[in-house]
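See below for the structure under consideration.
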Amino acid sequence: MLKNLKEQVWQANLDLVKFNLVILTFGNVSGFDRRRGLLAIKPSGVSYEDLRPIDILVVDLDGKVVEGKLNPSSDTPTHIELYKAFPEIGGISHAHSVYATAFAQAVKEIPCFGTTHADQFNGPVPVTRFLTRKEVRADYEGNTGKVIIERFAGIKPLEMPAVLVAGHGPFSWGRTPEEAVQNNLVLENVAKMALLTRLANPKITDLPGYILNKHYQRKHGPQAYYGQKTRSHHK
Amino acid sequence: MLKNLKEQVWQANLDLVKFNLVILTFGNVSGFDRRRGLLAIKPSGVSYEDLRPIDILVVDLDGKVVEGKLNPSSDTPTHIELYKAFPEIGGISHAHSVYATAFAQAVKEIPCFGTTHADQFNGPVPVTRFLTRKEVRADYEGNTGKVIIERFAGIKPLEMPAVLVAGHGPFSWGRTPEEAVQNNLVLENVAKMALLTRLANPKITDLPGYILNKHYQRKHGPQAYYGQKTRSHHK
Amino acid sequence: MLKNLKEQVWQANLDLVKFNLVILTFGNVSGFDRRRGLLAIKPSGVSYEDLRPIDILVVDLDGKVVEGKLNPSSDTPTHIELYKAFPEIGGISHAHSVYATAFAQAVKEIPCFGTTHADQFNGPVPVTRFLTRKEVRADYEGNTGKVIIERFAGIKPLEMPAVLVAGHGPFSWGRTPEEAVQNNLVLENVAKMALLTRLANPKITDLPGYILNKHYQRKHGPQAYYGQKTRSHHK
Amino acid sequence: MLKNLKEQVWQANLDLVKFNLVILTFGNVSGFDRRRGLLAIKPSGVSYEDLRPIDILVVDLDGKVVEGKLNPSSDTPTHIELYKAFPEIGGISHAHSVYATAFAQAVKEIPCFGTTHADQFNGPVPVTRFLTRKEVRADYEGNTGKVIIERFAGIKPLEMPAVLVAGHGPFSWGRTPEEAVQNNLVLENVAKMALLTRLANPKITDLPGYILNKHYQRKHGPQAYYGQKTRSHHK
């Protein structure tokens, strides 16, 4: 079932390790088959070294395991909320990568200081509010998805393929699981650069909007000319 | 003698290298066979590249070498004090990993700024006082264990599986040597994140207690639902 | 066509990965055959793992692809401007390496605090102004080259083989593609050291000029005595 | 000639790469045969990948090459001065490692904040003054050695096996080339920890002297009990 998607999700989870975005069993990536309404997601707390494609769970939008013997990631309800709210996305990545998590813990958005950022994110990377005590008690993981969605009112998910959850860490996404993880990597890179930029010049202000726009559009706009036409222009 | 435990301790010592927690011969991991009252521990000053399972020493609770030809780690008396005082633990790791050691040298506890921390440590990671001149002279390594135990009055060792010794560095522990080293790795990660969080926002305050509690409990509480039931929920 | 140069450019692009100067498909290196007026450059958005020497494009000074099936790097017009303006250079490297990019985003030149810097760069590494809205609209990549050239009025390109483009990142160059990438690596190293130097002593001032001069001249001056006579003294 | 020493020096130079203390051809290690009054040292500007034991030069105390076809390291006169002034040492390492160089550029000694430092260095790591214009002009490399020796008046070289040269970087030494490089690695580690310690607590003061002393003595004093008796207690 969803053999191809499970392979992609398995590979994307291993990319978290390759890109140094996770330690131990932390982090999880999923992929979504929108036609069938099913997601493929990493099992909870299984080490990346032991992970096989067959271990990837298939889960429906009610959170019920449709295929697989292990427990799915405890963050599965967050993934489900995002797939339901963001019709453009096909993959989600969640990793407690160090610099992006530092901004999430600092409850600070990542300002756009340069074109590395503008190439991938069309503006500052937003940060959610903290969940309330009630939201935590009622449905912690589901409500984590809901505060993200609340923060994304008026923002197009593919133009801003990442968010920082206050006191927690980043979630990123894309059209595929592979893209979701790549956006996670770029986010981590951009977070590190932003922190160092402020250290090098505490008074620095954001990149002029017309440069941000130029870079974002040359890679993702209707007249994008970055990359190869025969490949995804995200690659 | 204790062949299995010695293998585990050997492997856990190599994990210190794999996780980039040590340089040269620094750092040591032990495991405890509580039924027999014997610990298995790394020899002092032997390089990880040369280390074999047969080099691991077996030592009793009086510090006497029961098996093995080399000298045990000079920190052995610290390990012994901790095994005697904390009946829940079966492994101890000590490494001068850079960020955790920086907090120990700064004589500052590691505040809980986010869920990465809350997933493993039920509150800020405590720091001991400095040993007195007298304590250093009388029994430096044994008293290092004793100031840790003094600091842990009222704290459950498995809920807070790490400590910072002032001016020295971290000790971590767990139910097994493997867990002790994993906690060392998480500690290092969490220390780095905490330092960067303060750089990103010097005014940040601790994670709300109800989120700390939620994350700690979902992984370690009686109704923990992180991980797989057939495995340790610590993995 | 230009088989040898294409091999060099391919190898120099892989060095960006080896030296940890790039993530994903970011970054590009070119080489210039000045006699023929042709440059060899990386294709746009192709991953380094997939890159083969045959994928390297040959482009003339008008930006027309003379050989190759893929699209050349979107930064090709910047490279062309630099080859036209700087007759001494034969290779250009562009990577969003973290520390050098932080200085570019901070719109701060990299001060010369020590001999590591002086060994490669004869003074502080300059930073350009931002492109104007008009310049971005008219010919973004070409004008990126032009603001670099504007900033280099009175500076010899081989004495200062790198620049920071404000809000963007570094470009570096040399007599060969290999040298261009090596200068990129040294630049990244020197940027990191400069940032840490200021953290260690916020009041530090620049290296005395006579020491800067001594180090630069012993490696690159007419009486240079660093390195081997039978090799490039840049190696 | 000096085949064994040349092998050791070759290996110690490769350790600079293994320990991430150098980039490109930067850095050099030498070893000294005190009976013969000859040193073995790395050739200048040769890449570590190409370096073979046969490339290591043998040089006498007047700086004359006694064996070998390449030019010796341009820093050879500094090494010679140190071997002449410090009769206890048998190996010297010089690398522009990032954190130690940052302290050297900041013209700040590395304070002793903890036992990692105290295990290897019996006090703060000293920094020299800048060379004068005259000293640079007359004999730059030789005078670099002399300002180190000037700074070490009253300091025992094996109790403080490293120094920071202002605006330049660290030199370290030991009884063998291997020890010299290990001290370089510890120095880099200790420099990083010191910088992070200050970030974590700007008001922190030095480690109490009686703890510094205890750690230094347990590893290097007459009653040292760290390590194995059958091995060097430095290992």
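Order as written gives the chain letters A, B, C and D; numbering starts at 1 within each chain.
One rule holds for everything that comes next: a contact is a pair of C-beta atoms (placed from the backbone, for glycine too) under 8 Å apart; a residue touches a chain by one contact, two chains touch by 3 or more.
These numbers come from a predicted model, not from an experiment.
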| item | value |
| --- | --- |
| Most distant chain from subunit A, judged by the mean position of its C-alpha atoms | D |
| Rotational angle, Cα trace of subunit B fitted to subunit D, multiple of 5° | 90 |
| Proportion of interface numbers common to subunit A and subunit C (over half same, under half different) | different |
| Subunit A and subunit B: spacing of chain centres that average the CA atoms, whole Å | 32 |
| Between subunit A and subunit D, centroid-to-centroid distance (C-alpha), Å | 45 |
| Multi-partner residues of subunit C (each touching 2 or more other chains) | 198-199 |
| Chain-level touch network, classified as line, ring, star, complete or other | ring |
| Set of all touching chain pairs, with the criterion as stated earlier | A-B, A-C, B-D, C-D |
| Residues on subunit C engaged by subunit D in the complex (per definition of touch) | 19, 113-116, 119, 182, 185-186, 189, 192-194, 196-201, 204, 207-208, 210-211, 214, 218, 225-229, 231, 233, 235 |
| Residue ranges of subunit D in contact with subunit C within the complex | 23-26, 43-47, 70-71, 74, 96, 98-99, 101-108, 130-131, 133, 136-137, 140, 167-169, 195, 198-199 |
